[in-house]
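In the two assemblies presented below, subunit A is common to both, partnered first by subunit B and then by subunit C.
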Partner chain A sequence: RAAMAAAGGEQQQMLTQRLKAAVHYTVGCLCQEVEEDKDVQFSKQSIAAISEITFRQCEIFAKDLEMFARHAKRTTVTTEDVKLLARRSKSLLKYITQKSEELASSNMEQKEKK
Partner chain B sequence: HPFLSPQDTVDRLLRLHFRDGRTRGTGAAAGGPGRAGPCRAPASRNRLVLAVNADAQLLMAELLKVFVREAAARAARQAQAEDLNKVDIEQLEKVLPQLLLDF
Partner chain C sequence: ERRCSSLQHKSALSACVTGQKQTNCHESWSLSPEEFEIWDRLYRIKESDGIKEPVLPRVQFETLENLEETPKEGAARELSLTEWSVWQNQPLPTSLVDHSDRCHLFIRAMEMMELMRHQQGDCSYEQELQPHLRMEDVNIPGNKRRGRCSR
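The block that comes next holds the complex of A and B.
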(Lines of atoms letter the chains of each structure in order from A and count residues from 1; the text may use other names and numbers.)
(Lines give C-alpha, C1' and ligand atoms only; values in the text may rest on other atoms or scores of the structure.)
Protein backbone atom coordinates (compact mmCIF):
# COMPACT_ATOMS: atom_id res chain seq x y z
CA ARG A 1 0.00 0.00 0.00
CA ALA A 2 2.90 2.30 0.81
CA ALA A 3 4.40 1.41 -2.56
CA MET A 4 1.17 2.41 -4.27
CA ALA A 5 1.16 5.70 -2.43
CA ALA A 6 4.78 6.24 -3.41
CA ALA A 7 3.91 5.54 -7.05
CA GLY A 8 1.09 8.08 -6.78
CA GLY A 9 3.52 10.59 -5.31
CA GLU A 10 5.99 9.95 -8.08
CA GLN A 11 3.30 10.48 -10.69
CA GLN A 12 2.33 13.70 -8.97
CA GLN A 13 5.94 14.81 -9.01
CA MET A 14 6.28 14.06 -12.70
CA LEU A 15 3.17 16.08 -13.44
CA THR A 16 4.56 18.93 -11.38
CA GLN A 17 7.83 18.84 -13.32
CA ARG A 18 5.95 18.83 -16.59
CA LEU A 19 3.80 21.76 -15.54
CA LYS A 20 6.86 23.67 -14.35
CA ALA A 21 8.46 23.08 -17.74
CA ALA A 22 5.32 24.31 -19.50
CA VAL A 23 5.25 27.45 -17.36
CA HIS A 24 8.95 28.02 -17.97
CA TYR A 25 8.49 27.74 -21.71
CA THR A 26 5.63 30.23 -21.80
CA VAL A 27 7.45 32.64 -19.50
CA GLY A 28 10.41 32.48 -21.88
CA CYS A 29 8.19 33.46 -24.82
CA LEU A 30 6.58 36.32 -22.90
CA CYS A 31 9.97 37.60 -21.75
CA GLN A 32 11.16 37.60 -25.33
CA GLU A 33 8.27 39.88 -26.24
CA VAL A 34 9.25 42.25 -23.44
CA GLU A 35 12.88 42.08 -24.60
CA GLU A 36 11.92 43.23 -28.08
CA ASP A 37 9.54 45.82 -26.73
CA LYS A 38 11.88 47.39 -24.18
CA ASP A 39 15.22 46.66 -25.79
CA VAL A 40 16.66 44.80 -22.79
CA GLN A 41 17.88 41.28 -22.24
CA PHE A 42 16.80 38.83 -19.58
CA SER A 43 19.41 36.55 -18.02
CA LYS A 44 18.55 32.85 -17.93
CA GLN A 45 18.37 33.01 -14.16
CA SER A 46 15.92 35.88 -14.18
CA ILE A 47 13.60 33.98 -16.55
CA ALA A 48 13.84 30.91 -14.33
CA ALA A 49 13.05 33.07 -11.31
CA ILE A 50 9.97 34.59 -12.98
CA SER A 51 8.80 31.05 -13.82
CA GLU A 52 9.24 29.89 -10.25
CA ILE A 53 7.41 32.96 -8.92
CA THR A 54 4.57 32.38 -11.38
CA PHE A 55 4.33 28.73 -10.43
CA ARG A 56 4.07 29.62 -6.75
CA GLN A 57 1.61 32.40 -7.46
CA CYS A 58 -0.59 29.78 -9.10
CA GLU A 59 -0.91 28.08 -5.74
CA ILE A 60 -2.22 31.29 -4.18
CA PHE A 61 -4.57 31.84 -7.12
CA ALA A 62 -5.86 28.25 -7.02
CA LYS A 63 -6.56 28.33 -3.30
CA ASP A 64 -8.33 31.67 -3.59
CA LEU A 65 -10.44 30.47 -6.53
CA GLU A 66 -11.40 27.36 -4.60
CA MET A 67 -12.47 29.41 -1.60
CA PHE A 68 -14.35 31.97 -3.70
CA ALA A 69 -16.32 29.24 -5.46
CA ARG A 70 -17.11 27.49 -2.21
CA HIS A 71 -18.12 30.78 -0.64
CA ALA A 72 -20.69 31.13 -3.43
CA LYS A 73 -21.76 27.51 -2.81
CA ARG A 74 -20.58 26.46 -6.24
CA THR A 75 -18.53 23.41 -7.14
CA THR A 76 -17.24 24.90 -10.37
CA VAL A 77 -14.86 27.81 -10.62
CA THR A 78 -16.31 30.47 -12.94
CA THR A 79 -15.16 33.76 -14.46
CA GLU A 80 -16.75 35.57 -11.52
CA ASP A 81 -14.18 33.98 -9.23
CA VAL A 82 -11.35 34.98 -11.55
CA LYS A 83 -12.63 38.57 -11.53
CA LEU A 84 -12.47 38.53 -7.73
CA LEU A 85 -8.79 37.57 -7.96
CA ALA A 86 -8.13 40.79 -9.83
CA ARG A 87 -10.08 42.99 -7.41
CA ARG A 88 -7.05 44.70 -5.85
CA SER A 89 -6.00 46.62 -8.93
CA LYS A 90 -8.53 48.82 -10.69
CA SER A 91 -6.89 48.64 -14.11
CA LEU A 92 -6.34 44.90 -13.85
CA LEU A 93 -9.98 44.36 -12.89
CA LYS A 94 -11.07 46.47 -15.83
CA TYR A 95 -8.88 44.48 -18.21
CA ILE A 96 -10.04 41.12 -16.88
CA THR A 97 -13.69 42.16 -16.92
CA GLN A 98 -13.34 43.26 -20.53
CA LYS A 99 -11.71 39.95 -21.47
CA SER A 100 -14.47 38.08 -19.70
CA GLU A 101 -17.12 39.97 -21.66
CA GLU A 102 -15.30 39.19 -24.90
CA LEU A 103 -15.32 35.50 -24.02
CA ALA A 104 -19.00 35.60 -23.15
CA SER A 105 -19.95 37.32 -26.40
CA SER A 106 -17.88 34.94 -28.55
CA ASN A 107 -19.67 32.05 -26.82
CA MET A 108 -23.00 33.62 -27.71
CA GLU A 109 -21.98 33.89 -31.35
CA GLN A 110 -20.96 30.24 -31.45
CA LYS A 111 -24.30 29.21 -30.01
CA GLU A 112 -26.13 31.23 -32.61
CA LYS A 113 -24.19 29.56 -35.40
CA LYS A 114 -25.31 26.16 -34.14
CA HIS B 1 7.23 21.93 -27.40
CA PRO B 2 5.73 18.61 -26.36
CA PHE B 3 3.31 20.10 -23.90
CA LEU B 4 -0.33 20.59 -23.17
CA SER B 5 -2.56 23.27 -24.60
CA PRO B 6 -2.52 26.53 -22.60
CA GLN B 7 -6.02 25.83 -21.34
CA ASP B 8 -5.08 22.35 -20.23
CA THR B 9 -1.96 23.65 -18.54
CA VAL B 10 -3.93 26.22 -16.58
CA ASP B 11 -6.51 23.62 -15.59
CA ARG B 12 -3.85 21.24 -14.33
CA LEU B 13 -1.90 23.98 -12.60
CA LEU B 14 -4.98 24.97 -10.66
CA ARG B 15 -6.04 21.42 -9.87
CA LEU B 16 -2.58 20.69 -8.58
CA HIS B 17 -3.21 23.17 -5.80
CA PHE B 18 -6.88 22.68 -5.04
CA ARG B 19 -6.68 21.37 -1.52
CA ASP B 20 -9.70 19.13 -1.73
CA GLY B 21 -8.83 17.84 -5.18
CA ARG B 22 -5.43 16.76 -4.02
CA THR B 23 -6.61 14.87 -0.96
CA ARG B 24 -9.12 13.04 -3.13
CA GLY B 25 -6.47 12.20 -5.72
CA THR B 26 -3.97 10.62 -3.33
CA GLY B 27 -6.68 8.71 -1.52
CA ALA B 28 -7.81 7.06 -4.73
CA ALA B 29 -4.25 6.26 -5.78
CA ALA B 30 -3.54 4.50 -2.48
CA GLY B 31 -6.70 2.43 -2.38
CA GLY B 32 -7.50 1.61 -5.97
CA PRO B 33 -5.33 -1.09 -7.55
CA GLY B 34 -5.71 -1.42 -11.30
CA ARG B 35 -7.04 2.06 -11.78
CA ALA B 36 -4.93 4.29 -13.95
CA GLY B 37 -4.20 7.84 -12.94
CA PRO B 38 -5.73 9.89 -10.15
CA CYS B 39 -9.37 8.96 -9.69
CA ARG B 40 -12.08 11.23 -8.45
CA ALA B 41 -14.33 10.28 -5.59
CA PRO B 42 -18.08 10.56 -6.13
CA ALA B 43 -19.20 14.16 -6.22
CA SER B 44 -22.06 13.55 -3.88
CA ARG B 45 -19.88 12.60 -0.92
CA ASN B 46 -18.65 16.08 -0.25
CA ARG B 47 -19.67 18.97 -2.40
CA LEU B 48 -16.37 20.67 -3.05
CA VAL B 49 -14.79 22.44 -5.95
CA LEU B 50 -14.60 19.92 -8.75
CA ALA B 51 -13.96 21.74 -11.96
CA VAL B 52 -12.91 24.95 -13.62
CA ASN B 53 -15.30 26.25 -16.24
CA ALA B 54 -13.87 26.68 -19.75
CA ASP B 55 -14.23 30.47 -19.79
CA ALA B 56 -12.64 30.66 -16.38
CA GLN B 57 -9.68 28.65 -17.70
CA LEU B 58 -9.20 31.09 -20.57
CA LEU B 59 -9.54 34.05 -18.25
CA MET B 60 -7.02 32.55 -15.83
CA ALA B 61 -4.60 32.01 -18.73
CA GLU B 62 -5.01 35.71 -19.50
CA LEU B 63 -4.48 36.73 -15.87
CA LEU B 64 -1.31 34.63 -15.62
CA LYS B 65 0.01 36.19 -18.81
CA VAL B 66 -0.59 39.64 -17.35
CA PHE B 67 1.23 38.56 -14.20
CA VAL B 68 4.29 37.36 -16.15
CA ARG B 69 4.36 40.44 -18.39
CA GLU B 70 4.12 42.70 -15.35
CA ALA B 71 6.99 40.88 -13.65
CA ALA B 72 9.12 41.08 -16.79
CA ALA B 73 8.26 44.69 -17.61
CA ARG B 74 8.85 45.93 -14.08
CA ALA B 75 12.19 44.13 -13.85
CA ALA B 76 13.14 45.58 -17.24
CA ARG B 77 12.23 49.07 -16.08
CA GLN B 78 14.31 48.56 -12.94
CA ALA B 79 17.29 47.48 -15.04
CA GLN B 80 16.95 50.53 -17.27
CA ALA B 81 16.74 52.78 -14.23
CA GLU B 82 20.09 51.30 -13.19
CA ASP B 83 21.53 51.90 -16.68
CA LEU B 84 21.78 48.19 -17.40
CA ASN B 85 20.63 46.42 -20.53
CA LYS B 86 20.55 43.00 -18.93
CA VAL B 87 17.88 42.06 -16.41
CA ASP B 88 19.19 39.82 -13.66
CA ILE B 89 17.84 38.34 -10.45
CA GLU B 90 18.79 41.49 -8.53
CA GLN B 91 16.44 43.68 -10.55
CA LEU B 92 13.69 41.13 -10.20
CA GLU B 93 14.17 40.97 -6.44
CA LYS B 94 13.73 44.72 -6.20
CA VAL B 95 10.36 44.76 -7.96
CA LEU B 96 9.03 41.54 -6.46
CA PRO B 97 7.44 42.80 -3.20
CA GLN B 98 5.26 45.37 -4.94
CA LEU B 99 4.36 42.92 -7.70
CA LEU B 100 3.10 40.38 -5.18
CA LEU B 101 1.17 43.06 -3.31
CA ASP B 102 -0.56 44.03 -6.54
CA PHE B 103 -1.79 40.51 -7.26
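The block that comes next holds the complex of A and C.
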Protein backbone atom coordinates (compact mmCIF):
# COMPACT_ATOMS: atom_id res chain seq x y z
CA ARG A 1 0.00 0.00 0.00
CA ALA A 2 2.80 2.37 0.90
CA ALA A 3 4.37 1.58 -2.46
CA MET A 4 1.08 2.36 -4.22
CA ALA A 5 0.78 5.64 -2.36
CA ALA A 6 4.36 6.47 -3.28
CA ALA A 7 3.69 5.63 -6.92
CA GLY A 8 0.56 7.80 -6.78
CA GLY A 9 2.59 10.63 -5.33
CA GLU A 10 5.17 10.24 -8.04
CA GLN A 11 2.53 10.34 -10.74
CA GLN A 12 1.03 13.42 -9.13
CA GLN A 13 4.48 14.97 -9.19
CA MET A 14 4.87 14.15 -12.89
CA LEU A 15 1.49 15.68 -13.68
CA THR A 16 2.40 18.80 -11.74
CA GLN A 17 5.64 19.14 -13.67
CA ARG A 18 3.82 18.62 -16.95
CA LEU A 19 1.27 21.26 -16.07
CA LYS A 20 3.98 23.66 -14.93
CA ALA A 21 5.83 23.11 -18.19
CA ALA A 22 2.69 23.95 -20.19
CA VAL A 23 2.10 27.09 -18.14
CA HIS A 24 5.75 28.08 -18.53
CA TYR A 25 5.57 27.67 -22.30
CA THR A 26 2.38 29.69 -22.58
CA VAL A 27 3.67 32.42 -20.27
CA GLY A 28 6.75 32.56 -22.49
CA CYS A 29 4.56 33.12 -25.55
CA LEU A 30 2.53 35.84 -23.84
CA CYS A 31 5.69 37.56 -22.61
CA GLN A 32 7.04 37.47 -26.14
CA GLU A 33 3.97 39.38 -27.31
CA VAL A 34 4.54 41.97 -24.61
CA GLU A 35 8.21 42.18 -25.60
CA GLU A 36 7.27 42.98 -29.18
CA ASP A 37 4.56 45.37 -28.11
CA LYS A 38 6.56 47.34 -25.54
CA ASP A 39 10.00 46.84 -27.02
CA VAL A 40 11.43 45.39 -23.82
CA GLN A 41 13.23 42.17 -22.95
CA PHE A 42 12.24 39.67 -20.26
CA SER A 43 15.02 37.65 -18.68
CA LYS A 44 14.42 33.90 -18.55
CA GLN A 45 14.32 34.21 -14.78
CA SER A 46 11.54 36.78 -14.87
CA ILE A 47 9.48 34.54 -17.15
CA ALA A 48 10.09 31.62 -14.78
CA ALA A 49 8.92 33.74 -11.83
CA ILE A 50 5.77 34.84 -13.69
CA SER A 51 5.09 31.18 -14.59
CA GLU A 52 5.42 29.98 -11.03
CA ILE A 53 3.18 32.78 -9.76
CA THR A 54 0.62 31.98 -12.48
CA PHE A 55 0.68 28.30 -11.58
CA ARG A 56 0.12 29.01 -7.89
CA GLN A 57 -2.51 31.60 -8.68
CA CYS A 58 -4.48 28.83 -10.39
CA GLU A 59 -4.64 26.98 -7.08
CA ILE A 60 -6.08 30.06 -5.45
CA PHE A 61 -8.58 30.61 -8.27
CA ALA A 62 -9.65 26.96 -8.18
CA LYS A 63 -10.28 26.98 -4.45
CA ASP A 64 -12.17 30.27 -4.58
CA LEU A 65 -14.31 29.15 -7.52
CA GLU A 66 -15.23 25.94 -5.74
CA MET A 67 -16.21 27.86 -2.63
CA PHE A 68 -18.22 30.46 -4.55
CA ALA A 69 -20.17 27.73 -6.34
CA ARG A 70 -20.79 25.91 -3.08
CA HIS A 71 -21.90 29.17 -1.51
CA ALA A 72 -24.62 29.33 -4.18
CA LYS A 73 -25.46 25.67 -3.51
CA ARG A 74 -24.06 24.56 -6.85
CA THR A 75 -21.47 21.92 -7.63
CA THR A 76 -20.82 23.31 -11.10
CA VAL A 77 -18.69 26.42 -11.42
CA THR A 78 -20.33 29.00 -13.70
CA THR A 79 -19.38 32.36 -15.20
CA GLU A 80 -21.00 34.06 -12.19
CA ASP A 81 -18.34 32.54 -9.97
CA VAL A 82 -15.62 33.70 -12.32
CA LYS A 83 -16.99 37.25 -12.16
CA LEU A 84 -16.75 37.08 -8.38
CA LEU A 85 -13.01 36.50 -8.69
CA ALA A 86 -12.76 39.93 -10.27
CA ARG A 87 -15.08 41.76 -7.85
CA ARG A 88 -12.39 43.92 -6.26
CA SER A 89 -11.45 45.86 -9.37
CA LYS A 90 -13.98 47.77 -11.43
CA SER A 91 -11.77 47.62 -14.52
CA LEU A 92 -11.23 43.90 -14.29
CA LEU A 93 -14.87 43.17 -13.47
CA LYS A 94 -16.03 45.18 -16.47
CA TYR A 95 -13.59 43.36 -18.73
CA ILE A 96 -14.56 39.90 -17.49
CA THR A 97 -18.27 40.73 -17.65
CA GLN A 98 -17.94 41.89 -21.26
CA LYS A 99 -16.04 38.76 -22.23
CA SER A 100 -18.65 36.63 -20.53
CA GLU A 101 -21.48 38.34 -22.42
CA GLU A 102 -19.64 37.95 -25.72
CA LEU A 103 -19.18 34.25 -25.02
CA ALA A 104 -22.81 33.80 -24.05
CA SER A 105 -24.09 35.48 -27.21
CA SER A 106 -21.76 33.54 -29.49
CA ASN A 107 -22.90 30.33 -27.79
CA MET A 108 -26.48 31.33 -28.49
CA GLU A 109 -25.71 31.90 -32.16
CA GLN A 110 -24.07 28.49 -32.42
CA LYS A 111 -27.14 26.84 -30.95
CA GLU A 112 -29.46 28.69 -33.31
CA LYS A 113 -27.44 27.51 -36.30
CA LYS A 114 -27.99 23.95 -35.23
CA GLU B 1 3.34 65.44 23.63
CA ARG B 2 1.07 64.00 20.97
CA ARG B 3 0.99 60.27 20.38
CA CYS B 4 2.73 60.09 23.70
CA SER B 5 1.14 56.92 24.89
CA SER B 6 -1.34 54.31 24.05
CA LEU B 7 -1.95 54.17 27.78
CA GLN B 8 -3.55 57.55 27.67
CA HIS B 9 -5.65 56.39 24.77
CA LYS B 10 -6.71 53.26 26.57
CA SER B 11 -7.74 55.12 29.68
CA ALA B 12 -9.66 57.57 27.60
CA LEU B 13 -11.44 54.81 25.76
CA SER B 14 -12.19 52.81 28.84
CA ALA B 15 -13.54 55.93 30.48
CA CYS B 16 -15.91 55.99 27.61
CA VAL B 17 -16.83 52.34 27.91
CA THR B 18 -17.24 52.26 31.65
CA GLY B 19 -19.51 54.47 33.62
CA GLN B 20 -22.38 56.61 32.57
CA LYS B 21 -21.00 57.77 29.25
CA GLN B 22 -21.30 54.27 27.83
CA THR B 23 -24.77 54.68 26.39
CA ASN B 24 -23.98 58.12 25.01
CA CYS B 25 -20.94 57.19 23.04
CA HIS B 26 -22.39 54.06 21.50
CA GLU B 27 -25.55 55.71 20.35
CA SER B 28 -24.23 57.10 17.11
CA TRP B 29 -21.67 55.93 14.57
CA SER B 30 -19.62 59.06 14.81
CA LEU B 31 -17.20 60.21 17.51
CA SER B 32 -18.56 61.86 20.62
CA PRO B 33 -17.11 65.30 21.42
CA GLU B 34 -14.79 63.69 23.97
CA GLU B 35 -13.60 61.07 21.49
CA PHE B 36 -13.17 63.73 18.85
CA GLU B 37 -11.04 65.78 21.20
CA ILE B 38 -8.79 62.75 21.86
CA TRP B 39 -8.53 61.92 18.18
CA ASP B 40 -7.77 65.50 17.28
CA ARG B 41 -5.08 65.83 19.92
CA LEU B 42 -3.35 62.46 19.65
CA TYR B 43 -3.88 60.93 16.23
CA ARG B 44 -5.04 63.41 13.61
CA ILE B 45 -2.30 64.35 11.15
CA LYS B 46 -1.94 68.11 10.92
CA GLU B 47 0.19 70.33 8.75
CA SER B 48 2.38 71.22 11.70
CA ASP B 49 3.34 67.56 12.09
CA GLY B 50 5.53 67.72 9.03
CA ILE B 51 4.49 64.25 7.91
CA LYS B 52 2.44 63.34 4.92
CA GLU B 53 -0.93 61.69 5.01
CA PRO B 54 -0.51 57.95 4.30
CA VAL B 55 -2.47 56.57 1.36
CA LEU B 56 -2.65 53.12 -0.18
CA PRO B 57 -1.59 52.69 -3.81
CA ARG B 58 -4.46 52.46 -6.29
CA VAL B 59 -5.07 49.48 -8.50
CA GLN B 60 -4.01 50.14 -12.06
CA PHE B 61 -4.16 47.72 -14.94
CA GLU B 62 -1.58 48.18 -17.62
CA THR B 63 -3.56 46.15 -20.14
CA LEU B 64 -7.14 47.25 -19.37
CA GLU B 65 -9.17 50.40 -19.56
CA ASN B 66 -8.81 52.13 -16.21
CA LEU B 67 -12.03 52.76 -14.31
CA GLU B 68 -10.65 53.46 -10.86
CA GLU B 69 -10.24 57.06 -9.74
CA THR B 70 -6.72 58.38 -9.98
CA PRO B 71 -5.18 59.58 -6.73
CA LYS B 72 -4.11 63.12 -5.98
CA GLU B 73 -0.38 63.19 -5.88
CA GLY B 74 2.10 65.09 -3.84
CA ALA B 75 0.48 65.82 -0.52
CA ALA B 76 0.19 62.20 0.50
CA ARG B 77 2.73 59.53 1.27
CA GLU B 78 1.89 56.44 -0.74
CA LEU B 79 2.45 53.31 1.30
CA SER B 80 4.83 51.04 -0.56
CA LEU B 81 4.32 47.32 -0.90
CA THR B 82 7.67 46.80 -2.59
CA GLU B 83 10.34 48.84 -0.85
CA TRP B 84 11.04 46.07 1.69
CA SER B 85 10.95 43.22 -0.79
CA VAL B 86 14.24 41.74 0.47
CA TRP B 87 12.48 41.04 3.76
CA GLN B 88 9.67 39.10 2.16
CA ASN B 89 11.17 35.72 1.32
CA GLN B 90 10.22 34.38 4.75
CA PRO B 91 7.01 34.41 6.76
CA LEU B 92 6.88 37.40 9.09
CA PRO B 93 5.49 37.01 12.62
CA THR B 94 1.76 36.82 13.12
CA SER B 95 -0.44 37.85 15.99
CA LEU B 96 -3.98 36.50 15.75
CA VAL B 97 -4.38 35.92 12.00
CA ASP B 98 -2.34 33.19 10.38
CA HIS B 99 -0.71 33.55 6.99
CA SER B 100 -3.13 32.62 4.21
CA ASP B 101 -2.43 30.33 1.26
CA ARG B 102 -2.01 33.30 -1.04
CA CYS B 103 0.39 34.84 1.42
CA HIS B 104 2.49 31.67 1.38
CA LEU B 105 2.36 31.74 -2.41
CA PHE B 106 3.78 35.22 -2.30
CA ILE B 107 6.53 34.25 0.12
CA ARG B 108 7.51 31.24 -2.01
CA ALA B 109 7.62 33.35 -5.14
CA MET B 110 9.85 35.90 -3.41
CA GLU B 111 12.07 33.08 -2.23
CA MET B 112 12.29 31.67 -5.73
CA MET B 113 13.20 35.06 -7.16
CA GLU B 114 15.87 35.49 -4.49
CA LEU B 115 17.38 32.16 -5.51
CA MET B 116 17.35 33.09 -9.20
CA ARG B 117 18.61 36.61 -8.65
CA HIS B 118 22.21 35.76 -9.43
CA GLN B 119 21.57 33.31 -12.25
CA GLN B 120 22.91 34.48 -15.56
CA GLY B 121 21.61 33.25 -18.89
CA ASP B 122 20.23 29.74 -18.52
CA CYS B 123 17.42 29.31 -16.10
CA SER B 124 17.22 26.33 -13.73
CA TYR B 125 13.41 26.47 -13.66
CA GLU B 126 13.24 26.20 -17.42
CA GLN B 127 15.76 23.36 -17.54
CA GLU B 128 13.86 21.43 -14.91
CA LEU B 129 10.52 21.73 -16.72
CA GLN B 130 11.60 21.42 -20.34
CA PRO B 131 11.53 17.57 -20.40
CA HIS B 132 7.95 17.59 -19.13
CA LEU B 133 6.51 19.81 -21.86
CA ARG B 134 3.93 18.08 -24.07
CA MET B 135 2.97 20.09 -27.09
CA GLU B 136 -0.61 18.75 -27.02
CA ASP B 137 -1.07 20.66 -23.74
CA VAL B 138 -0.29 23.97 -25.38
CA ASN B 139 -1.42 23.48 -28.97
CA ILE B 140 -4.71 25.29 -28.93
CA PRO B 141 -6.40 24.84 -32.34
CA GLY B 142 -6.29 28.04 -34.34
CA ASN B 143 -3.64 29.45 -32.07
CA LYS B 144 -1.91 32.11 -34.14
CA ARG B 145 1.02 32.09 -31.79
CA ARG B 146 1.97 28.53 -32.63
CA GLY B 147 5.33 28.21 -34.26
CA ARG B 148 6.20 31.81 -33.67
CA CYS B 149 6.97 31.09 -30.06
CA SER B 150 10.51 29.93 -29.62
CA ARG B 151 10.40 29.31 -25.90
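Here is the rule we go by: the second predicted complex is superposed on the first by the 114 of 114 C-alpha atoms of A that agree within 3 Å, B and C clash if a C-alpha of one lies under 4 Å from a C-alpha of the other, contacts with A are read in each partner's own complex, and residues count from 1 in each chain.
Here is the rule we use: a contact is a pair of C-beta atoms (placed from the backbone, for glycine too) under 8 Å apart; a residue touches a chain by one contact, two chains touch by 3 or more.
From a predicted model like this one, the values you see are computed outputs, not experimental measurements.
By the touch criterion defined above, A:54 lies against subunit B but remains apart from subunit C after alignment on the C-alpha atoms of chain A. When the two structures are aligned on the shared chain, A:63 is found in touch with subunit B and with subunit C. When the two structures are aligned on the shared chain, A:24 is found in touch with subunit C, with no touch to subunit B.
Of the two partner chains placed around the shared chain by superposition, neither subunit B nor subunit C is touched by A:105. Once chain A of one complex is fitted onto chain A of the other, the partner contacts of A:79 are limited to subunit B, with no touch recorded for subunit C. In the superposed pair of complexes, A:5 makes contact with subunit B only, with no contact to subunit C.
When the two structures are aligned on the shared chain, A:89 is found in touch with subunit B and with subunit C.
When the two complexes are overlaid on their common chain A, residue A:14 makes contact with subunit C while staying clear of subunit B. In the superposition on chain A, the chain among subunit B and subunit C reaching more residues of subunit A is B.
Once both structures are placed on chain A, subunit A residues 18-19, 21-22, 25-26, 33, 43, 45, 49, 53, 57, 59, 63, 88-89, 92, 95 are touched by subunit B and, in the other complex, by subunit C. Across the complex, subunit A is touched by residues 1, 3-4, 6, 9, 12-20, 25-26, 29-30, 33, 37-38, 43, 47-53, 55-56, 58-60, 62-69, 71-73, 75-77, 79-80, 84-89, 91-92, 96, 100, 102-103 of subunit B.
Within the complex, the subunit C residues that touch subunit A are 59, 61, 64-68, 101-102, 105, 108-109, 112-113, 116-117, 119, 121-123, 125-126, 128-134, 137-138, 145, 148-151. Across the complex, subunit C is touched by residues 14, 17-22, 24-26, 28-29, 32-33, 43-45, 47-49, 51-53, 56-57, 59-60, 63, 88-92, 94-95 of subunit A. The residues of subunit A lying in touch with subunit B in their complex are 1, 4-5, 7-9, 11-12, 15-16, 18-19, 21-23, 25-27, 30-31, 33-35, 37-43, 45-46, 49-50, 53-55, 57-59, 61-63, 65-66, 69-70, 74-79, 81-83, 85-86, 88-89, 92, 95-96, 99-100, 103-104, 107.
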